[in-house]
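The following pair of complexes shares a single chain, chain A, combined with chain B in the former and chain C in the latter.
Let's look at the complex of A and B:
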């Protein structure tokens, strides 16, 4: 018993709050619509939250090293168009193209990180700039949806194994891998160290620049993964698909308790954040609230989340 | 308070650096003008110049406000959303009657003051990072606006706004006159008044500002309010220029204004920068966009150029401050 209370006390307040809010949403959902509480709906939810999960994972890396990645939307779009464009119906090209696209995402993130480190410019400005360049290039390449992928690739977005969605499974696997990596590997711990106190990390023999660049590369990689997911969902490359996702990727990270200054935050929290945001949108759809009010609610959630967490942490 | 760009170690730059920094912007601007004229002689015509100025005015006004916020170590992403919201307010009465202008003006300024106050309050009293506070404000405003207009805003403007947005006096566009007046007034506030000095002190080091008895919270909140009001005025001018309202009046201005300020040498780490530089930054941006079109490049190329310039300018100033 005492062990239990100890663990609850140690758990970050952010995670407790997200769990409480999630439970609240679920309870409201049960009363509002009988279809909300079905297994079917929850499985659908897992399918739909996959891209947000990938993006939030990537953003978490950038936030943990004390930065932010505003190029996520552009990378999603670029990898999306690149994948559909290079494959364009050619079955044999599918796997090479997928690898190419994921490598492209990682390379682009690598470049973001390198520019940030080399120039000392704030990542906000750097990623904004590279995003603008990339989005411009994509739009120079095409202005309307283009390309196509083989039918079987749609399994990534719509496929089910024993009733459980493949995309949701891949997402959980990614979360597990990243969570273990951050918690137990030396590099993963260095990510926290660099974000928490760069000077101390440097004095402890951590190569800050390498860790920062690695974090941005991871962010780009996951953005490219989400881009590939969108191809498999719609079957084409859309030059505007990533637009809303730059900002959307930040919300679950913040709600999940990551500190924008860097060095604080847990993968569990981010996963719960993703789950909560998706659940909330799901519920709001069931009770027929207009998209516009959903935006208002999303904005208010960010405000409430940051206003509550940050204040708590500054006091001690 | 979360700081932006705090990793840059500040050191006083040498004489050469100061000279370079002082004259780089005007030099680049003149270079651009010459380049544009060489490519297309019609660039320097009076009518094109008036055009460029008319287009630049709203952006320059937003940049003035943005500079105030950046000076106190913040940034405001909600300006574009606020511009569109003000534009919706301007057409909400759906009348061409000029007598409604004061009502529209007062309600717009009132809304801006409230928005600016909430931004500033979140940043100071609740310790929220400016990025997130204003981002959330942007989303909230957007949601409220879409809800009110149901996604399809309609309505006409009072005639007077059209005059303000497109009219000319003695060949000078009316909105540029408004912009210059605001610029002169706020430069005076920033450079010559006690409040202006306080802004620089708070931006330079909030803790020491508090220690010498400056209420850094109040100064910061006031800066956010100034920024929001500037955005509101720019929104009114822009809707007057466009003539019709849609849900995205001023779209992209939040980033463009930050970019212009950065080009103009306003340090994101706070406490350093001039309004004149920021204004020049905005002009450079607008002239560049104009050149893209003159050269005959697709409009999308603007995005590429903008991105390269952001990073280049930011890197240039980061280097200079590092010495």
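Let's look at the complex of A and C:
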């Protein structure tokens, strides 16, 4: 019980900050544009936040084990191009290709994790290197958007069930599954343990290397899922689609209260971080102001979020 | 129907612009005559009566990016035209995707949620925007595409462009003919994977392939950056020395950097090999100052303004062309016309000697246009 209280004390300020900022954005939105507060807009928002949600989930795994995955953007791109290129309008290939791509993402992440533990090189360097290799291979394969998918696959990105976006629903299911996995499974708890104190984890019988590799495999899997989502949304494989998403995937993880050093962070916080960042982008479209303001605000939010965390750690 | 009012900052071009603004589709006037094999195809006219509405109109503009000087000027031509039509506008709502097609899709959804009457879009990529723009059209909202078109013909009503194919066809043909079909050349395309860069590069390669004694010794993407153009050409010069007979750049953005690399490497003005590339005033000024053989064909940013004109015409129910190719003058240095490529404007008349090097040409906004201080008033 005391442990639970301690954890709430440690985690709540970050989440409370996200909630407060989210509410602020919503209030501003209601005042500046009458269309912002409509159900249609919030449903659109759930659809739009899905890829960032997938990517943030993956990045969360890497961060929780004390690492970082800078190959996310390249895996998104490679999966995106691989899926569209393999299917190329052939209906029958859609599901096998989708499974292939998700497996590819997990395998690539697995390789990142293996290199990290086998060489002892910091994952920042490892994933930066593998990202460069993968992005280069993609550009060797194609310089222009390529391939196509059956029309029905667009439903993943644009479809609605009882009015609710399918992609938003899948994202929420993923968050729920990962949240339950991290909280209740032995392996999930080991992810926190490895990131928080690797030596203690090892002494407790946890196979740190396996957990680290698993975390990067999960990161690769979710990056591939986002890549598939983008194929569904754009209808093609784009050799540049993942470019903005490596750094974008880190923002909600930090804002959501995950400690970059590993071992601490809640999936609820990450989900709120994704929601807040997406809401901010959405609001700026209704305010009709420069997109560069968005960068400024996002930067400020990251600094504020981290400052809150640092301040919290200094207190006894 | 006035789709373009070109004012390139000089009387000669003003006259040409006036001629163009009243000409019809497929524009082929004396001042902007294309070489026959490079001329864009004639456009089909679209009936837009079903989109007719009573003003004021609410137009959404999903911009791709403002990441370089050309894009900024393009954006300003859109704003300038919105200001020109301000009395017919309820709102002109602008979003910016910062070059990310997936964000642009979300931007378009947000614009649709604001009950726009028409979507104006400068697609970040031609293919990726196709599904969402198709959805916009199927909801009865007309789409005007600017600079890049989306993949499917049915997914837009009209498209304002400056023809990458025509630009590359003119510049590559000129270079090949200037070299009399023989020599070693370097190709400096724009950004790898960007459809304008790839279209221009492919067109240029097709042209050069017709000349078996033209040898392409290097192809380097430059990201349309003068700095990259300079550093890349400096490296190429290290490898090939004086063995370069010509440089094909799809824009003066990197072309100007290439010329500077030659000058920095100690080449005298008369030894700088022939270069191609428009858009950037610096390129024209260098060609004028140093006198090397040169052709400049702008990918005119005035297409942004023309796209707004088309949008207004559609909402007023006037017929519009499916594809409107905004013409650009062909600028050839003095005495360097070739067999099929003739300059339509003299270099000395076209180069804006009273403007800075980073000035983007062909905007059509007026002589006193300054991208740093430009503002426009329109309802938003």
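Throughout what follows, the second predicted complex is superposed on the first by the 304 of 316 C-alpha atoms of A that agree within 3 Å, B and C clash if a C-alpha of one lies under 4 Å from a C-alpha of the other, contacts with A are read in each partner's own complex, and residues count from 1 in each chain.
The rule we apply is simple: contacts are C-beta pairs under 8 Å (C-beta built on N, C-alpha and C of every residue); 3 or more make two chains touch, one makes a residue touch a chain.
Keep in mind the model is a prediction, meaning the values are calculated, not measured.
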item: Contacts of A:130 with chain B and chain C, given as first, second, both or neither; value: first
item: Comparing the two partners chain B and chain C, which touches a greater set of residues in chain A; value: B
item: Which superposed partner A:139 touches (first chain B, second chain C, both, neither); value: both
item: Partner chain(s) touched by A:241 [first = chain B, second = chain C, both, neither]; value: second
item: Which superposed partner A:158 touches (first chain B, second chain C, both, neither); value: second
item: Contacts of A:24 with chain B and chain C, given as first, second, both or neither; value: neither
item: Touching partner for A:47 - first (chain B), second (chain C), both, neither; value: second
item: Which superposed partner A:180 touches (first chain B, second chain C, both, neither); value: neither
item: Partner chain(s) touched by A:285 [first = chain B, second = chain C, both, neither]; value: second
item: Chain A positions touched by chain B in one structure and by chain C in the second; value: 139, 143, 290-291
item: Chain A to chain C touching residues, read off their complex; value: 33, 35, 38, 40-41, 44, 47-48, 51, 139, 143-145, 154, 158, 230, 233-236, 238-241, 243-244, 281-282, 285-286, 288, 290-291
item: Chain B contact footprint on chain A (complex, rising order); value: 68, 115, 119-122, 124-126, 128-137, 139-140, 143, 198, 247, 250, 254, 260-261, 290-300, 302-303, 306-307, 310-311, 314
item: Chain C - residues contacting chain A, complex; value: 93-103, 105-107, 109-111, 113-115, 125-132, 135, 192-193, 195, 198, 380
item: Touch list for chain B against partner chain A, complex; value: 2, 4-5, 7-8, 75, 122, 126-129, 131-133, 135-140, 142-147, 150-151, 255, 258-259, 262, 268, 298, 300-311, 314-315, 318-319, 322
